[in-house]
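Okay, got some structures for you below.
The following pair of complexes shares a single chain, subunit A, combined with subunit B in the former and subunit C in the latter.
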Partner chain A sequence: MNLKLENITKQYGRTLAVNHLNATLSPGIIGLLGANGSGKTTLLRIIVGVLMQDEGNVCFGDINIENKKEEYLSQIGYMPQHLGMYPTFRVDEFLYYMGAIKGLTKAYTEKRINELLPKLHLENERKKKVKALSGGMRQRLGIAQALLNDPAFLILDEPTAGLDPKERNQFSRLLSELSREKIILLSTHIVSDVEAIADKIMIMKKGSILAYDTPQILLKTIEGMVKECVVSQNEWKHWQFQAVICSQKTRGDGIMVRYIDKENKGQGEVVEATLNDLYLYFFEEGNE
Partner chain B sequence: MKNLIKCELKKFLHPLPHRIVIAFLMILPLLFVLGFQYSEQHSQVLFDGEWVSLAKGKQSADQIRTDLAGLIDESWLSRAKTMLDDVTNSDLGQMDMKYQTVSDAYWKGKYTYNNYETNKHNIMTPEIVKVDLEKHSPVYGPYEGWLTRLEIFKYCAIVYIISCLYLFSDLFNQEEAAGIMDMLKSSRMGRKPLAFAKIAVALIMTVTIGLLMYGVLALSTSSMLNLQGSKTTVLMLEGAFQIYNFKEINQQAFLLMMVGGVSCTMVAAFLSVIMKKPFASLAGSILFYAGPSLITIRFFNTAWNVFFPSSFLNFQSLNQLMHFSWVQINAQIYHRMGAVGLIWGTITCLLMISIIYVHCKNKKNYILKGWRS
Partner chain C sequence: MRLFLYECKKIIGSKINFLVLIIFCLICVWIYNVNVKNDAPSILQRDYYDQGQKMSKQEVMQEIAVAKQQWTGIMDESWWERLQQAFIESELRSNEQLFDVDQMNELYGTGWSLDYALNHQDYTIAADGEVEEGKKQLILRKNILPSTKEDIAKDVAWDIYMNYAEIILKNKPWNSEDGTYGTMYSGLSGEATPSPVYSSANLSKAEILMLKDKMNSIDKFYYGDTKNLGSLLSTLATSGILLMIWVLLISTDIVNKERKNQMLEIQRTCINGKSRLILSKIGAVLISSTIGFVVIVGGVSLYALLTGGIGDASVSVIEQIYMVSIFNFRQAYLIGVMSIFLGTLVTAMIGCLVSTFIKSTYRSLALTVIIMYIVPTLFNIFGNIKNLLPVNFMSITNVSVRSFTTMFFGKPYYLYQLLPILWIPICIFIVIIVKFKYNSKSYPII
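Up next, the complex of A and B:
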């Protein structure tokens, strides 16, 4: 089932947080990329029904979610950016509580807890108090509560914040496993979080979608524009203000620069573009 | 819904301070009884020319009252007068408890009898009062145990109400403080059903704690105090005529405590919806409870505040509940208990509706500031 966003608009005072946004989300992992303040969280909060849009509709399949909110909410799992929990609860108590809030039976919640805790490597923490968990464990507990109702639509807002590289890797694998029949919308400003696993990338800026497609098609936007060359220290002083620099590395013979050459007039060798280059292409300082 | 209420109940009992407060309320009546007994054992009074402990003095005074027990009529007055004359002739001073007991019995009995008779036949007496005076005849008897019990009840009720304010003043804003609001609102049962569950838990816990505390109070006082004379009419207050006996006063005090507890819980819960910070809603609740009493002490002596829980529970020397059985509202006389119940019942119901309405509202037109989706 698809989720359609039709002309979604949200304004805070004079600030337009989401600007007449249209998109259709289909099963698979969708990486929602955008700088801080680009409207990602506002959009996600509208999608999960926490915030009311000023204009537009959110439709799950052909149904406007306003008309069947309970049914819709039973199909979604949401992990917010700022993950709060009751500190005195134990891990399993928190999940039982969230199960009740999601309208699940105790038996079903128990079954899901037994499935999810090992998957998320929280089995040994089952009886630990939430306040005793590390940042990474809390994030995983947040993911566990989002998955408790086996949702058709999983929305994760900055889920990898606080996870170490190993945990990020495990998390990516878990999402890949889950993505077969679900829509997974993963909001982040860390490109590497979605690079390997996203079926589609949505890039948001100032409340609008700049691009929304598969990574392969999106990368074609900057095909042939990403170059690498070695420049001297003197040249570098001018370079850093004239081009979109993707990376730099000081070497013995100068500075190795990776940059985006929009007009294809600069020096250097064309290299294969990555999502990180694409992100910088859209969010280069001059365009901010 | 049942599962949600159970989980919410478990969550309510989870924080250690909540459990400590509830446990403290359960032993509070017992502590008071022991405290009163200790204090009475260590105070001395003069009885029949001898210094004895206050406990012993009260026991002896109650024995005199038991001897005098009965319906207050002309024969009772003549019996009391004879006893007073005997005591006066035996050279007991006014400091002596025996003298005080007999004198008090006679004069207050006489005053009450006259008052009843006068008011029963006075054309200015409202009809509702006349009917009550016909139904309730004044009865004299022992009362020391009941006085102590009601005194303990008063303190317990005040602590109970303040505890309710504390326990429920973060009922709705604890989620905001814990940063869990978005997770709840995006869940199927996270709005209206959760609001209902929270209110259900608040009501269940308020009533349960009240009942348990009263149970402990009833058990400890009935086993440790002399509670004879439950049919004794409350005669001790001059300037008023009282129709109820101690047992009825006790029942009314219990009902008032429950009404006060539930209404204060609802006020605290409502403030926790409109105020985002738990300490702000707690401060607001305490102000609501104590404010009217403070204002009255300082500036006014009006009747408008008699309906505040702090006022009707803080019956200093039982002078709220025991002073007058009736209350005047817009030139009409009503039974105090009924009026209090009606007013607080209505306010509680309105608050419950408001809480659910405000809590579930998720659009731009909020009815109250400070609550945002």
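Up next, the complex of A and C:
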């Protein structure tokens, strides 16, 4: 089943947080990329129904979610950007509580807890209090609660914040393991989180979608524009203000610079573009 | 149901909430002990001797209890006659202890003691050897005779006569000459001219008449040993206020604590995250408040019971001298407990209401305290209507008669009858407002 966003608009005072946004989300992992303040969280809150849009509709299949709210809510799993939880609750107790709020039976909740805790490497923490968990463990618990009702539509807002590289890797693998039948919308500003696993990438800027397609197609946007060259320290001073720098590395003979040559006039060797280059292309590092 | 139980756990499972509740309960027990000490019968202040040995307070207490036993029962005609006789005997014994009997017999004959017992106003103790004209002189003993174990029963009879039976059966102060219920306070306040209504009683004419009618409708009064029931009632007044503070602590953050825990956003994406959740929260606050009520009020009552403080509850309440209540101790206790319980639930509902509207926990608590304490002050301009507010009616168990009535739209009512009629609909209305606000689409989640 698809989720359709039709002309979604949300304004806070004079600031247009989401600007007449249209998109169709299909099963698979969708990476929602955007800088801080680009409107990602506002869009996610509208999708999960905690925030009312000023204009437009969110349709799950052909049904406007406002008309079948309960049915829609039973199909979604949401992990917000900030999730404090209850410090004095035990891990399993918190999940039982979430099961009760989600309207799941105790038996089904128990079954899901037994499935999810080992999968999220939280089995040993089952009886620990939430306050005793590390930041990474709490994130994984947040994901567990989102998956508790085995949702058809999983929405994760900055789920990797606070995770170390190993945990990020585990998290990426977990998402890949999840059924391809689900729509997984993963909001982040860290490109590497979605690079390897996203079926589609949605790039948001100032409340609008700049691009939304498969990574392969999106990368064609900057095909031939990404170059690498070695520059001296003196040249580098000029470079960093004139080009979109994707990365730089100091070497014995100078500085290896990877940059985006929009007009294809600069020096260096054309290299294969990555999602990180694409992100920087849209957000022009240093100017955003 | 599961949701409700988890919400209960959040409140009761909090160590701080639990600790504060226990501390408040201990404070109430301590206050009860202080009240018991302060309310100790005046007889206990005297020294009594048994076979030359000074009796301990415990021994005196036992004798007092035995002496009170013989007066337990309906205060009918024969009881009253028996008490008057015992009172005279007590006076005679007291005269013998205080005055030089030989010299007094010489001066006024052997009948002086009975005459003095009945006509105190005809006698005087000579100051600087001069006797007031027209009065007989009382000659004090050089060494006052000690009181014995046998004197305890006489002193108890004297005490019952002076501080209880005379007021109820003889004086009937509610029918005093100026026709007001309030005159009974005048003797206490030392006012030269009894005021129509005791200055701080603040009773309207209609309330006074209602109380008078009620008192005159009681045809049989009862006497018994109440032990420390008076102290228990006084303690309940303080308990009500402490309980109110605890209930505010647990209720003023039921919603904004979720906001603080950043759970509000996720809860509202769940099927049961709106109406059912907020109703579970309200239910949990009400149940937790009831638990708090049981711990504090039940705790101090149980302590009084276990330490032997609960006596005969059928006795009419008299607070200090002349302040006769229309209620006996049983009724006063039940009304007090009911008022505190109702006040607990009302306070919980007000806390929930404020918590739903105010984002910050501290502001929420501060605003509720203002509502609970400042508003009654503003209501002073409406006279006794202020007694309908929890902060006032939760402390009415000090048994002052004046607090049990109130004027409402020009008519007098017993406060305890009016409270549920007024507050239960208000609480239901609060639930509707809270549910409506919490469910609204524009409800702020951060």
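Here, the second predicted complex is superposed on the first by the 283 of 288 C-alpha atoms of A that agree within 3 Å, B and C clash if a C-alpha of one lies under 4 Å from a C-alpha of the other, contacts with A are read in each partner's own complex, and residues count from 1 in each chain.
Operating definition for what follows: contacts are C-beta pairs under 8 Å (C-beta built on N, C-alpha and C of every residue); 3 or more make two chains touch, one makes a residue touch a chain.
None of these values were measured; they are calculated from a predicted model.
Superimposing the complexes on subunit A yields a three-chain arrangement in which subunit B and subunit C clash. By the touch criterion stated above, A:N114 is placed in contact with neither subunit B nor subunit C.
In the superposition on chain A, A:T214 makes contact with neither subunit B nor subunit C. Contact with neither subunit B nor subunit C is seen for A:N22 once the two complexes are overlaid on the shared chain.
Once the two complexes are laid over each other on the shared chain, residue contacts for A:G49 go to subunit B and to subunit C alike. With the complexes overlaid on chain A C-alpha atoms, the stretch of subunit C that clashes with subunit B is 207-215, out of 99-107, 135-143, 189-197 or 207-215.
Residue overlap on subunit A between its contacts with subunit B in one complex and with subunit C in the other: 45, 48-52, 70, 73-74, 76, 78-80, 82-86, 88, 93, 96-98, 100-103, 106, 145.
Put simply, subunit C touches subunit A in their complex at residues 2-3, 6, 10, 13-15, 260-263, 265-273, 277, 441-442, 445.
Interface residues of subunit B facing subunit A in the complex, by the touch rule stated above, are 3-4, 6-8, 10-11, 14-16, 175, 178-190, 193-194, 362-364, 373. Taken in their complex, subunit A has these residues touching subunit B: 45, 48-52, 70, 73-74, 76, 78-80, 82-89, 93, 96-98, 100-103, 105-106, 145, 149. Within the complex formed with subunit C, the subunit A residues making contact are 45, 48-52, 70, 73-74, 76, 78-80, 82-86, 88, 93, 96-98, 100-103, 106, 145.
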